[in-house]
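Heads up, the next two complexes both have chain A, just with different partners, chain B and then chain C.
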Partner chain A sequence: MNKFFRLYMPFTRAGIQSTLMYSINIIFFSLSELLYCFVMYYVWLAVFDASDGQNFMGFDMQDMVLYLFMTNVTAYLTMSQADSAIAEEIKDGSIAMRLLKPVDYHISILFKDIANPIILFFMVFLPMTVCVEIYRGVTAGMIMFQPLNCLLYLLSGIIAYLVSFYLNMCFGFLAFYVTNLWGVSMFKKILLKFLSGAAIPLAFMPAALKNILAFLPFSSLSYTPVMIYMGKYTGAELLLNVGLQVFWLIALIVLCKLIWNRAIRRLCVQGG
Partner chain B sequence: MKRILKIYFRLLSQNIKMLMEYRIDFLTGAFSFIIDQVVGIGFIFIIFSQIPELAGYTLDQIVFIYGFSLIPKGLDHMFTDNLWSVGYFIVQKGDFDKYLTRPINPLFHIIAEKFQIDAAGELIMGIILVCISAGSAGVVFTPLSVVLLIVAIIFASLIYTSIKLGTAALAFWIKVSGQVTQVFYMTNEFAKYPTTIYSDFIRTVITYIVPFAFTGYYPCVYLFTGENPLFNIGGVVIVSSVLMMIALTIWNRGLKAYESAGS
Partner chain C sequence: MIEVEHLKKEFRKVVKEPGLKGSVKSLFKPKYETVAAVDDISFHVPKGEILGFIGPNGAGKSTVIKMLTGILTPTSGSCTINGKDPAADRKRYVKEIGVVFGQRTQLWWDLPLRETYGVLKEVYSVPDEKYQKRMELLNEVLELDDFIGSPVRTLSLGQRMRADIAASLLHSPKVLFLDEPTIGLDVVVKNNIRNAIMEINRTEKTTVILTTHDISDIELLCSRIVMVDKGHKVYDGSLDALKSKYGIMRELVFQPEIAENFSEKDFIGGLKLGGEDLTVGHENGKWRVRFNSEKIPVKDMLSYTLSHIEAKDISMREADVEEIIRRLYKEGVGV
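Up next is the complex of A and B:
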């Protein structure tokens, strides 16, 4: 175990260093995401203003604010760049260097990629959550923060990140077959935004669609952790949903290995 | 002028050839932009399944504003997309030298170099939404209002271009300015809804500082009510012209300050 970490930790360290070099990008990117949240905040304010009750399909304004900001920060936190990392290595041939090393390909990519959520956790998640909790505390007049839910959220969030990582790995392997990934990755990004419930909360969708989307692996990415944080999942429902996350994680790991075993035989590096 | 047009169409045809090379890729790209807008509209429909009006506007009017705001956005996206590259990597990699050695205006060259067909997704969607919602949104088309609509769309597109141009030009001093453009550009999200839902502070910002409110809501108010054309349409022209002058000034100063980062 010790040897394992000694072997792979340098990948994480390198990842953290290279991500920190671009910390200014992270700040600007978060700012523009935040702008979007504020637009939606005002839209919801107007919606609650127009609806007579305090309730919109089971959500009140506080829930909505929490959902909005937490979903965005969670989607950002669990975002994996494994696909573009792999695609680039395949395109420029540097994948050969990684294959020559006595390390597992998938795990070494994972340990490098994990630098992203680690940094985002401190730079974006903590300040944002504190602000949201202050907002909730002030509007409700009491402390709304639930330490247990937050802990469970983090656990579910880690699984969410791993699901996202393996999903992106599978996607990145497309680069073995397709040379230009721009359009496809745009498509993936937009589809994921919808399927994961980041664009429209799954709770607001027609029942049939909602049930399908809740079962697919995409709801594991941000919807499940956020529902846990909000305290909407408890008891059996909580276990069921986390279990579903674990199920998809295992399924994706298996799929990823299968694709890899097939695709690696096709690899042909030109020049170097 | 004839020469400029000739060069433009030459570069355009090169671009189309390039797109044909990756046909599937660009079709998927354009298709994804359409899906994105369909989801956005789906969200509006879900909201209106629960409430009759949003800030005093009906579903059709909100859809009209949403669709209208996509048209200038799509036009700008289609023709001036290369400005993003200036801020993200052209200056940083030292590639900008190339444009300075050519016997045409470097700004024209940058813009003519890329034709972004994916923007068709936004553009088509915007036109469809405007067409299907116009009647029930209370828009009356008269010769005058059609002319003003076209004027508003052209100048509104230039608001997008100016914001990209002014912020991309910062790269001449700071090498990479793409993120600055991104933050300013993202403000356009505010243009998709009536400005009356925002706080006074935000409304002032999106009217006078990053004036995206003129790319959607204000011209639509004129089309709905016929009120205040001086502000709602005239405002677009004035704000857009002022912004373009500022952006060009920054760009020209930047050109003078530019030092190659080449390797």
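Up next is the complex of A and C:
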């Protein structure tokens, strides 16, 4: 185990260094995400003002704010760039250089990709959560922060990241067949936003659709951890949903290995 | 050490008809065609040999290298290196080899060069003490000190190539694959790199497989060459044998002082050579005479030219690898 981390930690370290080289990039990307949150905030504010009651399908405005910001932070943190990393390597042929190293392909990509959530955890998650909790505390007049929920959220968030990573890996392998993945990638991004509940809470959707989406792996990405943070999942429901996350994680790892074993045979490194 | 038997690699390619119509057509109904990039190549390399692997662009050199390094899986045939099958046993196999692709880099693009070596040290689990010694040695031969602290993306091509070669040697590999390591480099850096390769080969008995288009690389480094063309092996033996057997075409370029005074007919007439051994062409007032230096020594050719015409800008050029292979292929050499 120790040897395993000694082997792969350098990828994370180098990944963090590489990402920090472009810290302006992170700042502006984070700002644009924040801007999106505020736009959505005003949209929902209008919805709540127009509706009769304070309560909209089990969410009040305070819940909505918490949901909105936490979902976007979570989606942002668990967003894996594995697909574009793989697609890029396949497109320019640099996958060859990685294959020449005595390391596992998936795991070396994973450890490099982890750099992103680690940086974002400190740069985005901590300040954002503190702000949201202050907002909650001020509007409710008391401290609403639940340490246990937050801890469970982090655990579920880590699984969410891994699900996201393997989902993106599988998707990235499409690049073996479609050499330029950019168009498909844009489509995937928007679709994920809807399917994972990042655009509209799954709780607001018609029951049939909600049940399907809740079962699919996409709800594992941000919906489950956020529901845990908000304290909407407790007891058996919590176990069930985290169990579902673990199930999808294992399924995707297996799928990913299967695709890889097939795809590597038809790899053709372009040029050079 | 390295055994390659009947190696073959086929690629499936989309055939696109010309023009916009063709593009649209191939979008909906792609037509495929199978191309054999490497067809039935076999050779053996003993330990400690430097093998020059040469051939024109698109001959299949890089494809062979990629199969030998485990990146590509052969369609049929086999290669065994140190008793291991590269594609099947990739993770364990690549610990024993070092690879440099001249047109790619294994260095971390955004990080200072030093960091890449740090990563590689862990990846190949090189012990601290050995790593120190190795870095000192590589520093000495490849002169990395000047730029080891700079981010890789700021390095010049020559610096990057030296850094890449150092990276491939860090873990003391048993076999070193170099795919066009001197491409686009100036003479000083080329020399530097050649010395490093010779040094490592001499002291550590590293087997080296090298592809190149630079004939001086081959002359200085390789004890043996394998030549491929259109996916087939066309020659396997020493460079000297090749030279003495097929001669070497040289090219003499000159510009007559007064163009009107120069007669092509007289010039050729005095040489008593013809056909493949002597061809003459000219453009922009410059004359290019290609001749077989086995039939007429360079020295004689020069003195003949100087005594015959008043010329400015006389220069002599050696034929490159392409030249030899073109000649070889034309004459249909049996391997």
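Heads up, the rule we're going with is that the second predicted complex is superposed on the first by the 270 of 272 C-alpha atoms of A that agree within 3 Å, B and C clash if a C-alpha of one lies under 4 Å from a C-alpha of the other, contacts with A are read in each partner's own complex, and residues count from 1 in each chain.
The rule is short, and it goes like this: a contact is a pair of C-beta atoms (placed from the backbone, for glycine too) under 8 Å apart; a residue touches a chain by one contact, two chains touch by 3 or more.
Fair warning: this is a prediction, and the values are worked out from it, not measured in the lab.
Which of chain B and chain C touches more residues of chain A: that partner is B.
In the superposition on chain A, A:Arg265 makes contact with chain C only, not with chain B.
Touch criterion not met for A:Tyr177: it reaches neither chain B nor chain C.
Using the contact criterion defined above for the overlaid structures, shared-chain residue A:Lys101 touches chain C, although it does not reach chain B. When the two complexes are overlaid on their common chain A, residue A:Phe194 makes contact with chain B while staying clear of chain C.
Of the two partner chains placed by superposition, A:Phe122 touches none, neither chain B nor chain C. Residue contacts after overlaying the shared chain place A:Gln17 against chain C, while chain B stays out of touching range. When both complexes are overlaid on chain A, the residue A:Met9 reaches chain C alone and has no touch with chain B.
Interface residues of chain C, counted against chain A in their complex, comprise 11, 62, 66, 69-73, 90-92, 94-95, 97, 99, 101, 103-106, 108-111, 115-116, 118-119, 122-125, 151, 179.
Those residues of chain A whose C-beta lies close enough to touch chain B in the complex are 24-25, 28-29, 31-33, 35-36, 38-39, 42-43, 45-47, 49-51, 56-57, 178, 180-184, 186-187, 189-191, 193-194, 199-200, 204-205. Residues 22, 24-33, 35-36, 39-40, 42-43, 46-47, 50-55, 118, 179-180, 182-183, 185-187, 189-190, 192-193, 197-199, 202 of chain B touch chain A in their complex.
On the side of chain A, the complex with chain C involves touching residues 3, 6-7, 9-11, 13-14, 17-18, 21-22, 93-94, 96-97, 99-104, 264-265, 267-269, 271-272.
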